[in-house]
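You will see two complexes here that share chain A, one where it goes with chain B and one where it goes with chain C.
== the complex of A and B ==
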């Protein structure tokens, strides 16, 4: 029974057909499948499938990524309302576009995937000062700060990721909070993320979500080890 | 349409030519131009060609004056006097040097209204539409209200990047690059003007001194790069909703860089943010604010600009449409130049690709790409997600099996989806911000990259344009240039643009989550939903 809904949902996601995806989910709920199972057995495997397929086909259609991430996020949001107990959160991330940069679309794909994967992502919006990234990360108890930059000067500038790194260092937060960057300039120069002091980078929104989860695990692992 | 076959030292060509058009006018639209040193009056005699055969007009008095009896019996004709009545073949022994500048097809130009009796000296005026991808120019006799000639060609700044941000960043990175970017645009404008003066007035230097006014409209980034002032502000989000001063810091020093000793050279102030004065020129040329409320204007390009007239206020905005509709970033994409596929029609089991000038297809321009996507979608070869259905493979779909340049690949569809989603979302968003809905829109003026060759039904089927009644949608070509020409001929000139700016309200799309939601909603290849004022 579940398999037929998985199949219908995967087909809908593949076709980026949001209405069909919701139809599949609603049909599953109608026969008594729990919202938890919809998320963990239907939605999350579909997102993971997308993540592994993108590493094989890096040129896959960006428009489709936007749409599939949006479907995953919207379906998850609806399902979470129906959960009996709040789900266990994998981790927390604050995400925003670097100071001086108003390109905010790029991080939409990351946000959508993270939401579906039970990572609590707080969107700080665009043109975010470095100080605010750090303050908000602390306020939300986030393991990861994600800084998106679409222009060369906001990617390498003194007020973007570089300054976030400096603040993390000055405040002794480098083990507790990891820094990931993304955006077009990092694609042209695969070592640029190190130049600006980031722990990681991702070439696209879908793999960014996966890398962010790795970073969250690193931080959590470090905390476990530190408490031994 | 008549078919003109041209045999020249550079090769053989075939062009579709409107009947009644002179051979010179026809070839001015292409890469194979005749030599010329007058405005096509037959005075200079430089455009002599050999008529091989064809149904053509008889020799004119000018040809009797310029060509001797032996020449005439040997088939010599003046290309500017020779008009086609049917198909014809000519031989062109000494073609003009290849030029990056071509004439704008006359059917795309708007008639000029009136001249300026107040202009006594330096009668010539130059109107410039400085676009990210192409530059369009007209030289006018301001006093007589007469157009001497037009030219269009690529903006050579393209080497620094197809989109405006790359170029602004290059200029910011070093003063040397900034100077180079300015020099490239300035040089292009000057060369186009010189080409007109040489070919259509017969003299260059004396005529440069006759130019009394140069009026330049363009998007904010292009104007800032030209004057070297304002680019830094544009890269700072704090200014994206403000007016940006793109006038040169030192007007006299800047003027000295141009070879127009007696001209007032004026960059028409942009509205603010990325909304330039090219949009104001569009608004003027289409009479948008002169008409009823509910008039929406779209200037499609790399930097797409929109204006919405609600009867009192002109709501304006801009969006990074991406250069897809101008043929950049598309595997076999090209601007609307000869050889560009501008229309595709089903033809039996296959397709028929129509190209500009009837030349062999070299790639797709914007309207051809819209047709390609709409036809593939309608026939189920392409799915609404933007994926090709099997059995179309990774290499894409080829419309003419014999010609590689007619291929559309998956990445093209992606670029197309994002460009059309940005355009559609910007329209919907602007309507909402003005408190209006699609039901209030009486008129939609589509200007910019598509010219007049866009298939409106196809654009509606893929969700690029709303499904309004077809009579409500107007296609305008070269509207920015037309508005700039009008300003050259208006007594107040460019000051009228300032009055228009006073009516505008600038909307910034980059700071609203609503816009992003709409953008994602519009990515699918399907008609736009117009049901409510908020389309979802």
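== the complex of A and C ==
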């Protein structure tokens, strides 16, 4: 029976039909499927499916990314209220747009996917100074800083990710906190992320969530090795 | 032949010694005049003089009447622009903060009566006077489906577009389209002869095909039908749009296509053929780090692919301030060299 709800939910997400996605979830709950199963067996696999299809399908579009993230985040938020026990958090990330950049769409897509994937994401908003990224990452014990930039000067300028990298280096935090960047300029030049000293980049908001999880795993692995 | 004639020859497939070469320099104008960005953009005269000096310095074919993209939002109520010295100005205040504001949004009865338009008109008057008969004068028009992103923020607009109340969405699109129709007429009347129609939602990179057909295409028709498509350039930001070219050609008959640097130019050229003008666009973000050799090779490649059968223009995308002067010169030298018809 679960399979029919998975199919209905996946189709709704693919068609960016939010109402149909919620109908599938509500129908699943109505027949007694647990909220935990809705999240872990329907919502998260759908996000992962979208991640795969985006990397394989050149026709995947921004509308799908956006709605996948929004639907997943909203469903997850509602389901979490019904969980018997709070779920285990995969890791923590602070995210914002680079200093001077007011474009928040990419950040919002990433946040939505992270929420569904059980990553605790702290939204620092738009036009965030580099110092604040680092301070907030420490305050939230985050493994990853995610900097979104939609314009060339905010993507490569001295006050964006480049400065975050410099601060991490100066404060000896490079093993403890990883830096990921995303946004249009990085798509037009796939080598650009290296010039600003980022550990990784992602071509779109949905794939960014997966890359962030890999970075969290790297940091955790490093901590385990360091504690041996 | 003058630049304007070369452009017209490319448009019509007529004989010309070379392809037209467009270079889109904007913020560089402030540096040229030794001004801050905010000072520069305060006066139409500054923008016109900046454009003329840049064109004279580098020798490419076109000039621009565009100040910055957010200017359209200012004409519709945006009260704050964020200036910076290393990039373009940004909209910092969205006039639409809730759906109620959409009902309140007023499209000026005559945008040419707006004080900010007076600066654009001044810019165009100078350009027209100086190069009106010799060079293409470009204007930038944001499509009705994209304008809302500047009025309410891209994420709020996507939310309304994809999952919001249809009547509210359509009211906003209707108002934006009325603005676009006025803007097109005003630019033409003021002397702009190349109208770059920026329509990022006119690609399936942003919208699925169903919404492209149901929303983007009809609103593009609404924007363009009243004034006609003469000298309209189809630009989807920098997103690829090869898979809608035939449909746009068939249904809108737009005469110029500014192809994404991420798209397959040969495929685009094959689709467009001699029905319209194909613009081969260099990835100028890569130009920030490319060597002169790499720049020359890319210009050569674009020219070799695009010049077959004529109807071809070489152009740049956004030309960020970070692109070094030597890179601009190398690119243009190569474009003039490889863009010659033998």
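Note that the second predicted complex is superposed on the first by the 226 of 228 C-alpha atoms of A that agree within 3 Å, B and C clash if a C-alpha of one lies under 4 Å from a C-alpha of the other, contacts with A are read in each partner's own complex, and residues count from 1 in each chain.
Convention: a residue touches a chain if its C-beta (ideal position, glycine included) is under 8 Å from a C-beta of that chain, and two chains touch if they have at least 3 such contacts.
Bear in mind that the values here come from a model prediction, so they are computed numbers and not experimental data.
Superposition of the two structures on chain A leads chain B and chain C into a clash.
Look at A:189: by the touch rule set out above, it reaches chain C but stays clear of chain B. Which of chain B and chain C touches more residues of chain A is settled by the count: it is C.
Applying the stated contact rule after C-alpha superposition, one finds that A:132 touches neither chain B nor chain C. Using the contact criterion defined above for the overlaid structures, shared-chain residue A:66 touches chain B and also reaches chain C.
Of the two partner chains, chain C is the only one that A:156 touches; chain B does not reach it. Within the superposed three-chain model, A:214 lies out of touch with both chain B and chain C [touch as defined at top].
Residue contacts after overlaying the shared chain place A:16 against chain B and chain C alike.
Residues 15-16, 59, 61-64, 66-67, 70, 100-105, 108, 127, 151-153 of chain A contact both chain B in one complex and chain C in the other. Chain C meets chain A in the complex at residues 82, 84, 86-88, 90-92, 153-155, 158-159, 161-163, 204-208, 211, 238, 243, 261-262, 283, 285-286, 288-289, 317-318, 320-322. Per the touch definition, chain A reaches chain B in the complex via residues 14-17, 59, 61-64, 66-67, 70, 100-105, 108, 125-127, 150-153. Across the interface of their complex, chain C is touched by residues 15-16, 18, 59, 61-64, 66-67, 70, 100-105, 108, 127, 151-154, 156-157, 184-185, 187-189, 191-192, 195 of chain A. Touching chain A in their complex are the following residues of chain B: 165, 169, 172-173, 235-237, 240, 383-387, 410-411, 413-414, 417-418, 421, 510-511, 516, 519-520, 523-524.
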